[in-house]
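Common to both upcoming complexes is subunit A, partnered first by subunit B, then by subunit C.
So, the complex of A and B:
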């Protein structure tokens, strides 16, 4: 029947958030993508989390002097090191990376009625990264965008459920990028999984990969 | 709101007398005297302790100085909580002045947020105001205000100017009379007994039947442990 549809809501109630996460997690299990659900004891609240080991160029980290080739930590941190034999007279070609541990949490914000991405990052020996270091690891394509608004950016925040310092991507612009996706899905009579769509957009900003199979295999909750 | 002006002033001008002492772990060139200060309950530690920092820096070498952080009886103090909340949470049952220890090294990365400058405090404060307005008015009032209005709100807090602050804040505290109240009440119940730093949930100020609800109703629904069986009040 022809007629004006109400625009799809960019907002998510908590129950739908949890259902979307459940479906997301089922697929993660299937493809061994490493996501898990953390339930807050004694409540009906929880969040999704995933820990990733990420090789980055040493220039991301400020303490340059710690990353000489002779450095012991560096050798154990290596994922790829192509050091050619010097005595062979060949120019040494080194692609030595540092390895960082990124822990991503997907939480629900009842104030804004949307999901929010929190994360923390550290070196393998447990040193937490500074905001500057985290910034320099944001994909260059996104850096300018993030710098535009005072509140639409990356800041250090207290994790609302764990009470520890995390970084958070401010959720103010969520409506802006979710709306076109939601409207399109509605126009095509498809029901999308909010979390899959949302995480596929915000994840890459923080170097979080969301494989394409989520978009095809994960359904919307009933 | 006009009738509440006295209450608003009393809340704004609430003070906590504090005594700041340098941690014995710090390396000093000579002994440092404790520093006494009246702390505004509604403000933030990093915003009002510049004088404390300057006082102790006088006895320290520059190379021994990193980001200052404060601690009470072994617990790092979260600068991003209002001072009054910190005091009530950690020291309300102890004698005044509030004895706070000052540190310049071994910043507790797992407990405290960094505070590189006043703009970090401003961003945090404005973020809280914005979230509260999202609950009260779906964010419509804060978003309709101009940048200079936001700035005035912040400057009022930073410079302890009640009238300057409330000229802007009163817009955030209004609601259409037919609604009977805000959409949801912005509140946080802080606690020390669990990892979870505070309880924050959606709560409408008016019941479905149209009765205005009280703080007691909120606690009964969301934190019944705070009210003991006899109808009295638990501490913290």
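So, the complex of A and C:
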């Protein structure tokens, strides 16, 4: 979308957001990456959604004072995961890990005019993770710097479209990592898919993997 | 730009798996285990005096980012972002060897990097 955008701007209009998502979703379908589009009934609004089962080191959940109870819950999680999950990969790590359920939502923010990543996380028995536990599961590559931010980078927010409690990765740093990529694409006369670039940066912060094939297989909107 | 520019000997001691790429050696015996990486600054990121590096295939993006951050003497609060194929951020856990297989051309992997503002 370089041609339709102010070269210095890293902002995204909602129409372009939806087009980028559509193209993103097509590839997700191709590689069975699990993303879906959720349309809010009766509106033009919608968001992308993906749910992931994630094995983590048990220490991620060692953040509550009910330590011994946590241990029991974790053992239960492991056993439940073995029984309920048919994915070989998840079963293989269940013996020594706890399994968490992360649900990621990619929303458009009208006020910031950029995408924002919302997510919620819970144990397999449905207990929502605390903010502290979520922090301990932030990728170490980002954890220290995010925690040094002058404002809360990871906050608990009401989901703007669903009205349920979620966590949100604050979009304040978006320009810092989007602008260089956008400028570079424009200098090279290449168009890029905003959502692919954006999600490839923010996703791994919260353990969301964006396969490399998105980089080459997803086109930019016309 | 010369690849014989001042050596970051301190960082080389810390990271034996990341070394200067010598322009003359294209058929080095460890060719299969290491790949050539070309680092390009974008935005207002500092430009590295030495841009070409030989990196072990198994090295992760996170590890390489830490190396670059130390080399550029970034502050602890500054975040480095690395892009492959110009506009895609590989996962920090991704191995550079895999990136080379997917995006390498002319025997090297081009990676762009930029940094965030330091807080405070």
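The criterion applied here is as follows: the second predicted complex is superposed on the first by the 181 of 222 C-alpha atoms of A that agree within 3 Å, B and C clash if a C-alpha of one lies under 4 Å from a C-alpha of the other, contacts with A are read in each partner's own complex, and residues count from 1 in each chain.
Everything that follows uses one rule, which is that contacts are C-beta pairs under 8 Å (C-beta built on N, C-alpha and C of every residue); 3 or more make two chains touch, one makes a residue touch a chain.
Worth saying up front: this structure is predicted, and the values here are computed from it rather than measured.
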When subunit B and subunit C are modelled together on subunit A, clash or fit: fit
Touching partner for A:125 - first (subunit B), second (subunit C), both, neither: neither
Partner chain(s) touched by A:112 [first = subunit B, second = subunit C, both, neither]: first
Touched partner set for A:201, first subunit B, second subunit C, both or neither: second
First (subunit B), second (subunit C), both or neither touched by A:214: second
First (subunit B), second (subunit C), both or neither touched by A:158: first
Touching partner for A:222 - first (subunit B), second (subunit C), both, neither: neither
In the superposition, subunit B vs subunit C on subunit A residues touched: C
Smallest separation of CA atoms, subunit C relative to subunit B, angstrom: 10
Residues on subunit A lying within both footprints (that of subunit B and that of subunit C): 150
Interfacial residue positions of subunit A with respect to subunit B in the complex: 40, 110-112, 128, 130-131, 150-151, 155-158, 160-165, 170, 172
In the complex with subunit C, residue positions of subunit A that touch it: 139-142, 144-145, 148-150, 173, 176-177, 179-185, 188, 190, 192, 196-197, 200-201, 203-204, 209-210, 212, 214-216
Interface residues, subunit C side, partner subunit A - complex: 42-43, 45, 62, 65, 76-79, 81, 83-94, 98-99, 102-103, 112, 114, 116-117, 119-120
Touching residues (chain side subunit B, partner subunit A) in the complex: 78, 80, 109-114, 120, 123-124, 126-127, 130-131, 134-135, 186, 195-198, 200-202
